[in-house]
Each structure stands twice: as C-alpha cells, then as structure tokens.
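Here the chain labels run A, B, C and D in written order, and each chain numbers its own residues starting at 1.
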Amino acid sequence: MTVKIKVGIIGASGYTGLELLKILIYHPTFELSYVANSTGGVSVDELHPALKSICALDVKKADVDECALSCDLVFLALPHKTSMAYVKPLMKKGIKIVDFSADYRLTQDVYEEYYCEHTDPVNLMNVVYGLPELFREEIKTASLIANPGCYPTSAILGLLPFMDVRIKNTPIIIDAKTGVSGAGKKLSESTNFVNVNDNMFAYKPFTHRHAPEISQKLGIDFDEVNFIPHLVPITRGMLSSIYIQVDKNIDAYNILEEFYKSEASVRVFKEPVNMKNVAGTNFCDIFVKQKGATLFISSAVDNLMRGASSQAVVNANIMMGIRELSGVSDIAYVP
Amino acid sequence: MTVKIKVGIIGASGYTGLELLKILIYHPTFELSYVANSTGGVSVDELHPALKSICALDVKKADVDECALSCDLVFLALPHKTSMAYVKPLMKKGIKIVDFSADYRLTQDVYEEYYCEHTDPVNLMNVVYGLPELFREEIKTASLIANPGCYPTSAILGLLPFMDVRIKNTPIIIDAKTGVSGAGKKLSESTNFVNVNDNMFAYKPFTHRHAPEISQKLGIDFDEVNFIPHLVPITRGMLSSIYIQVDKNIDAYNILEEFYKSEASVRVFKEPVNMKNVAGTNFCDIFVKQKGATLFISSAVDNLMRGASSQAVVNANIMMGIRELSGVSDIAYVP
Amino acid sequence: MTVKIKVGIIGASGYTGLELLKILIYHPTFELSYVANSTGGVSVDELHPALKSICALDVKKADVDECALSCDLVFLALPHKTSMAYVKPLMKKGIKIVDFSADYRLTQDVYEEYYCEHTDPVNLMNVVYGLPELFREEIKTASLIANPGCYPTSAILGLLPFMDVRIKNTPIIIDAKTGVSGAGKKLSESTNFVNVNDNMFAYKPFTHRHAPEISQKLGIDFDEVNFIPHLVPITRGMLSSIYIQVDKNIDAYNILEEFYKSEASVRVFKEPVNMKNVAGTNFCDIFVKQKGATLFISSAVDNLMRGASSQAVVNANIMMGIRELSGVSDIAYVP
Amino acid sequence: MTVKIKVGIIGASGYTGLELLKILIYHPTFELSYVANSTGGVSVDELHPALKSICALDVKKADVDECALSCDLVFLALPHKTSMAYVKPLMKKGIKIVDFSADYRLTQDVYEEYYCEHTDPVNLMNVVYGLPELFREEIKTASLIANPGCYPTSAILGLLPFMDVRIKNTPIIIDAKTGVSGAGKKLSESTNFVNVNDNMFAYKPFTHRHAPEISQKLGIDFDEVNFIPHLVPITRGMLSSIYIQVDKNIDAYNILEEFYKSEASVRVFKEPVNMKNVAGTNFCDIFVKQKGATLFISSAVDNLMRGASSQAVVNANIMMGIRELSGVSDIAYVP
C-alpha cells in the first residue's frame, strides 16, 4: 500500500483555492491534510457549497506551526505580501512550498518597484520559477516554487519557441484577453456582472505587473515588451495574441511543433485556438501564423488551471518525484 | 488484472456524445471499443478538437454488425426514430443498450401521439426507465434502458418525495429553465448567440414532449401536469421550479432529506440551489420551501450529465454490476 | 415658443438614475434643471462616462431647498427610507414627486412589517400608485406618485385582465426571472460576474418584498400570492411566468386583447414574449395560453424602464398634462 | 410644413436592416417609403416582432423599378455581389444610394482578388467612401456611397490622427474584437450560442477581407497591415486594439484630441474605452497610450451602428444636405 504525501492549502477561499481543492480531493498520491484560510471556523463544503457531500474537512485559521506539523508540502494561494510572511517561517521548518503569489517571481529590485518592500530576500535566492517547460530539472530539487502568473504562462509558452528567430530589438506585442475569475473574488465595479456583460475593454495598458514577469523570464529588455490585457465577459479562460517580428523565411508551424513535441501539456493546433478547449485542463493550446516578418501567435490557457492551480499541482508532482500530470485532468469543460 | 467491459457509442457527434466520450475515455472498467456517427471517416479528436492528444480512436459509420462484434453494451446518443432502428437489431444480437432517445420512454399510444409511429413495440415491453432512484433494481437486470429526458429527470426527482403529501387533483406547475445545449447541435435561429444572449423566453408552453414523460413516470393524470420550459442564456444547466399543493402541516425539508438520505447523487440544500454547483456532475440538487399549502421545489441538474450522459453511464454501471458511480465525476465546473 | 417644465433627479448615480438621465436629456417638454446624488461634486458625464459630450450638468449634493427652487417636479431614484426623508419636506414646498422607492407603495402596517418604521404617514394618504393602466385618472391630479416596483409592474399587468375569470381562493404562482441590474449598483457576491454567468437560481422564495405590493394592488389575500423571483445572467429584462386557475371556458387571448386594446404601452402577442423586444422601452409584452383550468401568462418588461424610469417619466407626463408617452422610446435594444 | 425626403431600404431582414428601420421610422426628415427584402410578403413588424405596434409597413420583394418610383435615396443592406446588381440599374434611374456591401469599397483589382468579378466597374469611378471624417466634402455631392465596413471604421478612425507621426515601414498591428452580430443573421456553427458563450478565438488571421479595405483607405502598403479579428461573446460592439511605431517624442493624447476636436461623432477618452458606452450610438470612442516608440490605440464602435447603419444614415444626411446627425441617437445602451 502506497504511503500518501501530505499536502496543505493556505488560502482555500479564493477561486484558485477552490480549484486546488477540486484537484487535491481526488489526487491519487497527495493526501489533503491541512486546509486553511484567514479566519477558519468553517468546513470546506460550507466555504464552497459545490463540494457538499464530497469534502467536509475543517478549514482552519492559517497557522505556520500547525501547517508544518500536518504537511510535507503546502500550496500558498495567497495575495502578494501576505504570501512571503508565510514562506519565510515555513521554509525554516523544511516544508516544501508552491507559492501562487508574485512574491518570489521577480528579482528584488523589480519586485519592489512593482509591488512593495520584500521582507524575505534570502529565499529569493533559492526559488525556482514553476514553468515546467522551462525549468523542469530545477523544479525537481526545489524547496520553493514561484508558481507563474496566468498571463506570463500563456505569453511565455507562446513566445519561447520563437526567441531564436525573433529579430532583436523589435517590439513584442502581447494583446491578452482574460476571463473575470482572473481578478479574484474581491468585489469591485469592474467585476460586477452589469459592467462586464456585453462589454470589453483594455486595462492597465503597458503597466500591468505581469509585464516585468514576462520580460524577466524571457530575458528580454523590458522596453521591448508591450503588454496590454483586456477583460472579456467570460468566467475562466485566457487568450494571448502575440505579435513579433521574425526572419521571413522560417517555417513557424514546424518550429512550434518541434519545440513542444515532447511536452504533454502543450498542444499545437493548425486552426486558431480557443478558450473552451483548455477550460478545466492544464493544457496550453498554441496556434501560429506568419505574414511576412510578422508572426501571430495565439496561446490559450485556463487562467485558473494552467494559469494557477493545475500548474501548481504539476509543480508539486515534479518536486515530489511522482508522475508529472498525476491528479490533473485533461478533459475540458466543453461544450 | 481486471478484464474490461467493452462499450460503444453510436451518435458521437452531438453534445451528449461528447460528454459520453469525456466520461468513457477514463472509465476504470469500461473500455471504449466502438465509436460511430452517421458518416464515419474521422477520428474522435477531429470530431471534438478538445480531445486532441487524448483520444484518436476512429469514428466509424454506424453499423449494427460491427457494433455487435465490438461491444457488450452500447450507448445510443441518437434522435428519436433513428434510435429504434438500431435498438431492434442490436437487441436481437444480445447487446445491452442505453438509449438516449425518447423512443422507449413512453407507452406506445402516447409515444405515437407525440412523436411518430413506433416500429419496435416488442422491445417497449422489455425496457426499463433509467432513473436509478426509481428503478434501481429493475435496471440491474435490464437489457434495454430508456435513459430519461433532462426535464423529466429534474422534475421527477423534485416531485417524487412529495407525491404522498400532495393534494389529489390539484395542478402541478413545472416552470423549467434550460441552457442552450439542451437543444442539441442542430443550428436554428433560437440557438443563435444573438437571439439567446440577454434574452429569455418560454417555448412550447404546455405542449413540450417531455410533459407526458413526466406524467407517465409519476403516474399522474396528464391533465394535472403543466410544464412550461424556458430557454436561458447559459450553455449547460437546468433548473426546474415546481409548485404543488400539499397538506399544510408537513415538514417539507424533513421529508425531502429523509427520502434521499441514501442516495449519493441527490443533494438536499437549505438554500436555493443553482446551476453551477451541478455543472459537470451527476448530482441533482434540491431545495424546498413551503407557504401554506403551496410547496416550491427547486431542482437543479446538468442537462448534459444527469440529464443525459452521466446518468447513462450510471445506468450502464448498474446493468454491468459495477460500482454505480464508477467513472462519473462529482466535481463541479465551478467557479 | 413652449415654456419647458423644470424637472430634477435626486439619486442620479444608480442604474435607474442613469436611465432617467438618458430619457430626460432629450425630453421635448421637460428641462433637466437639477441633478443630485448623495455627495455631489461631479458632472453628469463624469458620473456616467457614456454621456460624455452629451450632458455635462453639475451633479449637486442633494438638498431639499435647492431642489425646490430649481424644479416643478422631481424624480427620487433613492432607496427606501432615504426617500421618505425627502418626500416629506418636498411635499411641503409644493413640489410634485415621482418616488422610485417602496416607501409609499404599501399601507403603513404592511410597509412597517416588510421594511421599517414609516416616518411620513401623512403623505401615505395622498399618494397614487403610478401604474397608468390602473390609476391613470388619479395620476392626473396627484402630487405624489409611488412608482411601482419592477416585479409588481410585470405581474400586475399580466394578472389584471384575468382577475374576473380567476377561480377564487386558488393559488397564484408568479415565477419571475430578472436581469442583474434589478439588484442595483451595490456590489455583492450575488451580482459578481463569476457567480452570475452560466448560473441561475431562485432567491427570497415567498418572502421577497414585492409580494405584498402585488397582493395589495390586486386586492388579493396575501396567502394566495406565491412569488418566487430568480436571477438570470442578463443585464436588463424581466419575465414573469404567472400561473392561475380560471374558468375552463374562457377565451384567454381574446380577454387579454380586449383588455389592453386602448393601451399604447402594452402589447399582446400570439407567440411567447421575450426580454429583448422590450429592452429599452416602456412596453409590457404579454402572452397567454390555457390548458384546462390552468392559465399561463408570460409578461415581459425592461426592469429599468417599464419597471422603473420610463414608467416614472410616463407618470410625470400624465401629472403635468402633456402627451403620456412624451420622451419615452418605443424602439427596443434589438438585436 | 417641411416636405420629407423619401428613402427606402433593400435588405430589411438582416441585423443592419433592422437597425436602419429603428433609425428611419422616427427620422425627422426622411420618410420611409419603400422597404424590401428578397422575398416580400410580410410586414415590418412580422419580420421584426420588436417593432410591433410601431411599424406595419409592407415589406416588398425587392424591385428596382418600384424602388426608383418610391424613393429619392435607398439604403442597400445587402451582401456583396447581390448589391452591385442593384446599384447599376438604380444609378441609371438617378436614385442616390448608400451601399452597405463591400462592392464599391475597393479598387477593382483588389476587389476581384478578395471577392469576385466586378460587374459594375463604371460606378466604381463615381463612388465615395462614406467615412465622414475622411470624405465629408465628397459625400455632400456623391450619388453613390460605399458605406465602410465595421472593422475598417474602427481601425481607420483610430489610426488616422497618427499617420503623420508613424515610423514608415514598420508593421501596423490591428488586434480587433467583435460581437457576434457582425457575422450577420446566417446560421453557422461559429455563431451558435454554445460555441460562442464562454469562448473567444481569432479567425481569418491576416486574411480577413477588411484588411485590404483598411490598407487602401489609409494609403498604406498592404504588407504593413496585420489585421487579426477575434470573436467575443457579445451581441454588438467592436474594439480595435491597434499597435504602431511612432516618434518617441510625440504627445499622443494631444494629437488625438486636436485631430478630432471638431468631430461630433468621435470622443477622446483619458481612460481605456469600452464597448458599452458606444452601443446603440454613432460614436467612435478612442483612447491612446504610448510606451517608448510603441503606441497603443484603443478604438470602440458599435459594429451595427457606427460600423453600419447609423453611419449610413449620417452619410445620407450629408448627401441630402440636412443636419449630419439627424435621426441618429447618441444615447448608449447602458448599463
């Protein structure tokens, strides 16, 4: 009989916390041993009525010591700043961590420019950026994973295969479209149904915090990354339309297919990709088309799954030496 | 090592065919051995690009002999009339069948009044109506299952616990709301995005073909069943708001909870139920509230799952003597 | 040259305030002379960017004296309780009022049971309920109009023609569906896009505050009114599905058509009505169908227009002796 | 008493035909004297039930002679190819025409490359492209107007102010998003609710027929125009996100504001524009932001109004020498 690996969630209330629960409840090797949010005092199915009759575990008030006693690995589905306050003590206690926040994704200087003062620079030295297609080997031995942002995941996976054929010093345009769940559960005018339904708009053009994350991980000068996110009236899903300048003579489709031929969580399509085919899965679906020197790359992910929770579980699987896609569904929410 | 049971699908192109594929691809005991539609000549992932890299089985042109050679049990996800043309020869060959159409749900006279001439009255004698909460024992030994309609499933499960306390000869009002996938894949003005988005309307008031199905299975005089379906701008989901007259002194919640206390696929809620919590699952969620003699019952199912494909798989599981909910997900498509 | 009638709005920030602005800006006889909300300090187009380049009037901090000096008639698009605090002093100053709140719609005892203590019982004596089809003559000479609630408008207009043929002491079922704008602009979980999109549910079954309003205005015992509202993923629109018991021998369509043959803002349809055809207009569209003694009435309004702002302007038109539908559009937001 | 100008519509069945009807029914100077589609035999309100009790004009089977006898000006809301078959004889009869199709928007060679053989090259010589901000003077004396496509309208209006500061020979990226009504009324899988809801995808990347229209009207080499349209789950609305390379030292906002300071139908915003604020109006709302040499221009129109029917009426107003915005609403379909 297999001994299960004990895992925990701190931050079980939000959308990504719910997605984590949905995956971990039936994970074949992980045992959900600790579930916490900022207040505690409820059960999982009270917090998320969709899980009624499925999971009635207690949701505890988050506590470092209790977490450390209960888990081998913990997922921190927390906002930035809150997260590093947990990472620091949990790392000391030897707990492996997959952190959903931005706290360990950037170099300290850029982080402090875009977010706030960093209170745990030591662990910034040890973190691995949890994009398996880029850092699979490093993830295997990591104790702390910075789980990528949703926009960076879709943008980087779309751009990676073409970094070599890109014409240097030309602008990269990332026109991204995201569903509303990406904004999290906090109430705001811009996520109110009446404002979103039948509507669409850009927000934070050029200044969104995911832009420096894309730039740093791809090793491109920030000046060359032009990131414009848009909100669309969709619950989950993200589509990044990427435009770069490349050598006119490449076979873009072939480059893309070759690049990902061994990757189980990236699919290459000959028709434009869409959000539905990836909803509920860890897939990143990619389409590419060229016109002269301009390359159009369309990259689709589920912002809550490949852009957050399923990617986090994949990272944990790799860290723990089990099958990479263990517990993660590849059956989309279609039709 | 367990020997798998070979199952097939005829009618793999539609929404319910896709849902069947999504369940059966990873079913622990069933092996998908035959997939067919009316034309053949494609693979599963060409037919449903969401299944790319997951299932590349050939989709055959439907053929009774080939099906019978390949399967122990077959799911017929076909429209009425087409279905009975397959049931008749497949039954002769001893194949077990779960039929999605209306062809075997009604008595011959009522069927012919609402649909068309019945060409297989013999098998009408042997069929079992596949609502496990009503006919679990009969399903165990059945060769032919008439899988219930989506509206009847939600309405009957809502009404069943209260049939004894209902005041005889009073009208039953079933005001049902369904997502657009219930109309199937056939193109029509009423399923065009522009006509559905931001819109809602009743259709076929009193005359929808699911009304006699509800009436016959509950053993109520058709005159007493008032069934009014509405189309809502939602892809999947069904909510039946049911109003009946009952003894004023009952404890409706208690009756409901008692009735379903041993049923794993019905959940009783103390707050009004919604469509999201059941999307992607086999659950029927039910809420009840009384005001004087009027009882309001709110019953939610996923029209493609509990209202079609997951219920079909549950029926097949029972027929084959395996765990009733084998292969069927209880994790909803939330948020 | 016609002298214009000066009108004001207190409560310009909400959805109904915006609809009022949209109508009054181009009203041929009314001149928008006073616009206020609870804070002031902005212009109309800052408050509602859609009105940029159309209306840059100052939005004042609401003040009774300033309002009385500026207007002959004022629309109070305010929540209950807040509203009566303005009605009392404005009535003293002789300003005509159309009040959007529930404060003057009910008898004092029922109001206090459902809302809060009533601080202006005197004016409760003088108010007219602003449903023109019921009280057109009284509205002509009224100083204070209680503008009907959205649900009561659609329910009462649907029920009115059939009150004479209804079988006494049988239950009235009103299964109503509303778009999200009916909940107002206040942020809440239940109006967040993620919770509404692809979802539907009943809320406040039997206990919604519009139930006694329907009961009182129709003169029916409250015990006989069963009102169940549902939220649907639509911005604006309301569909009331009403079920009553009637004499089997009536010609329901004929009764309906006769009843409204002189009413310009009610349309009778031979096919089920929908929300889109009334969006943006003052129409109430009604369909009726009978099965035995059960009558199904389907009544559609735009909750923000016929259910609030356009009906308010119609009331003001009647009060001021000008053309009843002056300024009010009958061109729907289709497709 | 003013003599009204008689106008007609050929192609009254589609979405743009409906929008034309909605405008022309109440146009203060135009009298709707002829309404036709391909079959005739119905009335306007039977064709568009939303217009019940508003317009019961006969819809005729389209006929050149009858049209010419009835109208001074006709709107052709027809598909390409069909349209030129009407333009040729109607021009001979001296009827003024606003043509919605692509038939007269392009030079003959490019038209024939993208569409089909051109059967009326003579009138290609006389046509004026109906974008008032570009060709107002020419429209005044034109007999035949090619009403611009929806995508070209939003793209050209966004790009125009910056053509002088654009760095030559750099790529123009137009990442456009459109609501589903842009696809017209014809049924197709890609406009079925189930495929559109919760989904988004690019279509016809680089090859959409509106790309050469944008290129020709702006006088840019086709190689430099990269046009990628996307379908979004919205009924009406279009948002073009445009990326160009410009001189780093410009003040983009100031250029934009100056350029359109005298244009009543273009609004310049300091915050990103959205689809809702223009829905139902003739406005084009534009926002601009610069990062280094990359300029992001966001341009929003209602695809059925500024992108079709209201722009057509504006063109007709100019041709007939009446007030440019006569009959055209500037009040948006918000909230």
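Heads up, the rule we're going with is that a contact is a pair of C-beta atoms (placed from the backbone, for glycine too) under 8 Å apart; a residue touches a chain by one contact, two chains touch by 3 or more.
As the structure is a computational prediction, the values presented were derived from the model and not from experiment.
Annotation: A-D is the more contact-rich of the chain pairs A-D and A-B, by number of C-beta pairs in contact. Farthest chain from chain D (centres taken as the mean of C-alpha atoms): B.
Chain centres here are Cα averages; for chain A and chain D they lie 40 Å apart. With each centre defined as the average position of its C-alpha atoms, the distance from chain A to chain C rounds to 46 Å. For the pair chain A and chain B, the distance between mean C-alpha positions equals 36 Å.
The set of chain B residues that touch two or more partner chains comprises 15, 181, 194, 197-198, 233-236, 276, 335. Contact residues on chain A toward chain B in their complex (touch as defined above): 15, 18, 22, 25-26, 48-54, 181, 197-198, 235-236, 264, 267, 269, 271, 276-277, 280, 304, 330-335. By the touch criterion stated above, chain A contacts chain D in their complex at residues 171, 173, 175, 177, 179, 194-195, 198-203, 205-206, 223, 226, 228, 230, 232-237, 239, 241, 243, 245, 272-276, 279, 287, 289, 291-294, 296, 298, 300, 335.
Those residues of chain D lying in contact with chain B across their complex are 15, 180-181, 185, 187-189, 191-194, 196-198, 233-235.
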